[in-house]
Amino acid sequence: MSETILRVTNLQKRFGDLHVLRGIDFAVEPGERIAIIGGSGSGKSTLLRCLNFMESPTSGTIELDGKTLGRPVRGNPDDRLYPEGELCAVRERVGMVFQQFNLFPHMTVLENVMEGLVTVKKMKKQEARECALKELQKVGLADKVDAYPGRLSGGQQQRVAIARALAMMPEILLFDEPTSSLDPELVGEVLRVIRALADEGRTMLLVTHELGFAYHYATKVIFLADGVFHEVGTPDEVLKHPKQERTRAFLSRFTEFSF
Amino acid sequence: MTYLWDFAPVLARSDLLVEGLINTVEIAVISIVFGVVIGLALAFLKLSPKRALSYPATILIEFYRNTPPIVHFFWFFYALPVIANISLDPFIAAILALSTQSGAFYAEVFRGGIVSVERGQWEGAKALGMKQSQLMRRVVLPQALTRVFPPFVERSFELTKTTALASTLAYADLMYQAMLVNSETFRPLEVYTTIALMYVVLLVFASTLARVAEAHMTAYRR
Amino acid sequence: MNYHFDFALILQSLPVLLRGLLVTIQLWVPSIAAGLALGLLLALCRLSKTPFIRVPSLLYIELFRDTPVLIQLIWFFYAFPIIVGVQLSPFIAALLGLSLNTSAYSAEIFRGGIQSIAAGQWEGAKALGMRPTAVLRRVILPQVFKRMLPAFTNRAIEVAKMSSLASVLSVHELMYQGRLLSSTYYRPLEILTTVALIYFLMIYPGSYLSMKLERRMASNS
């Protein structure tokens, strides 16, 4: 039996004249870890950002737990209207970790992680503090709770951002190139945290250039180019035995990539 | 210089000047508070994607920024009562003039601060499931307000200096009291020099407070 | 609204108001010119390494920036003549007050501009064998003027608004005529609204220009 959490049907996104996503169809099952790879400008970040409505899809539908989000606009069947309340509810269930961390600089590490719990989930301060401490412990930053993000390294900031997303108990986690803006020596500590989440069996989508990581920890790899899926399959199929010429050309650029 | 300075007659009426100073501070503080409220409202209206909201706000802001404050004082004191069929005392008229005028300036200050908050901050807050109002209150405004603090203080100083115009409506501020003392003592040089220095002391004191407050607010940047 | 707005009166008053506008401009333009010239001198004094030159200029600048303009005008009209022993006409007192006030604010604009020019510019010009005055004139100031143009435009706008305070000294400028007419005809709404609009029409173009300049500079950098 299928208990698909998220289903995307014919998703399209245009920025003005630029047609970034040209009809995307896929589904996310519980416990799946999907790595989305592709060159810059392929639309992979845009795709991820459409899933929690950081970008509004131009057309197509997104279903969460079998329920289609938004409602059609009268007179234009392609266009959908997404009320704020519904989007907030979706974002509570679909967490996101950004390339640039986007921590709140005016709050301490602990306050950053508590913020969503208190403001959005209306949790009591004390309870939120305990939750936040637990998540920070998990990402190995229990000793930094009172620091401001500006004092932390990029890797530490990204781990706080992961803790902040985790604290909300999301059903799906979206990672938008979580290690791309980190110095090389800091990539490992962030990937280790993500790996621990993979081991817990969390459902996640990951846009990344870390092909080695995708190979070992993804259950499915999607190669995106020019706004469409060129190749979808297991890590072994897509990364080791690609069928498409385009995929091979993309992979050949990663010379340091070895399994 | 053959002129003999004599501050004694002025000092003898220092009670009047102190009263004036208190009235000046009172009118300034009240107008800053109302100005901030008006400024925030105008800033949000101007930022609205709906033209029906943003255009009137823009017109109001531009009108106030491009006309002299003394015209506003006289307009509120003499002209507004004619249309509204009410009578205003100088105190109310001065507060209306000062707070609307500074509201227009504050609006631009606040708007600048709000747009200066990086897109990632808005997205970080949205991704947690925050509503627009929560995102504003918890994430954007706290950061915007620390950034706009210096121009905000500058604007508030301008407002404090502009309170002297309330004297033209016969409100008993420092300037007006000085005119009273002058008409009693016939010592314009001493009187007006004294109150000029009183304004300097007031503003220097306020700017010291502002610096302390700013250091406190931006502690997280260090 | 049951108030009857008297448009005929506005038309009738317009010639008087425009005469006032002419006086406003006579206050405005010379104040800016004198203020800029004196402001540059003050800025150089303010940047001087000699305390005897720097400190007085600093005090002068702060004194004008930390007191209301209204007091400055009144001081020059009622107090200053006592020191110099010559009674000034209201117009001259207002002109003096506005010019000196403008000089203090422009000095700060000049100073900010001069300090924002990279040290490399000074060194580059000196390396060519230019004398300091030549460096200032040929290299630094042209850049300062360009970079600070929006700030100077904003200052000019402030001076235009400030000039209305001369009405308190009975200089027959726009605001004074407006006050006189509105009390003569008991029609403050019409007259004062018209005065406000005239000021707006006079000032807004400069304000618009300054906004455009700032935007263009922001997008260039």
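Note that the chains are named A, B and C in the order they appear, and that numbering of residues resets to 1 at the start of each chain.
To be clear about the criterion, a residue touches a chain if its C-beta (ideal position, glycine included) is under 8 Å from a C-beta of that chain, and two chains touch if they have at least 3 such contacts.
Here the structure is a predicted model, which means the values were calculated and not measured.
**Q** Looking at which chains touch which, would you call it a line, ring, star, complete or other?
**A** Topology of the interface graph: linear, an open chain of contacts.
**Q** What is the chain whose Cα centre is as far as it gets from that of chain B?
**A** Relative to chain B, the chain with the farthest C-alpha centre is A.
**Q** May I ask which two chains are joined by the most contacting C-beta pairs?
**A** Maximum number of inter-chain contact pairs occurs for B-C.
**Q** With centres defined from CA atoms, tell me which chain sits nearest the overall protein centre.
**A** Chain B is the most central one.
**Q** Averaging only over C-alpha atoms, locate the centres of chain A and chain B and give their separation in whole Å.
**A** Roughly 46 Å, centre to centre.
**Q** Provide the C-alpha centroid distance between chain A and chain C, rounded to the nearest whole angstrom.
**A** Taking the average C-alpha coordinate of chain A and of chain C, the gap between them is 55 Å.
**Q** When the centre of a chain is set as the mean of its C-alpha atoms, what distance in Å lies between chain B and chain C?
**A** 20
**Q** Which parts of chain B, given as residue numbers and ranges, touch two or more other chains?
**A** Within chain B, no residue contacts more than one other chain.
**Q** Could you pull out which chain A residues touch chain B in their complex?
**A** Against chain B, the touching part of chain A is residues 52, 54, 84-85, 88-92, 95-96, 98, 100-106, 115-116, 119-120, 148, 150, 161, 164-165, 168.
**Q** Applying the document's contact rule, which stretches of chain C touch chain B when the two form their complex?
**A** Residue list for chain C touching chain B: 1, 3, 62-63, 66-72, 74-75, 78-79, 82-83, 85, 157, 160-165, 167-168, 175, 178-179, 182, 188-189, 192-193, 195-196, 199-200, 203-204, 207.
**Q** Can you list the residues on chain B that touch chain C in the complex?
**A** Going through chain B, the ones touching chain C are 1-3, 62-63, 65-72, 74-75, 78-79, 82-83, 157, 161-165, 167-168, 175, 178, 182, 188-189, 191-193, 195-196, 199-200, 203-204.
**Q** Where on chain B is chain A touching in the complex?
**A** 120-121, 123-132, 134, 138-139, 142-143, 146, 220-221
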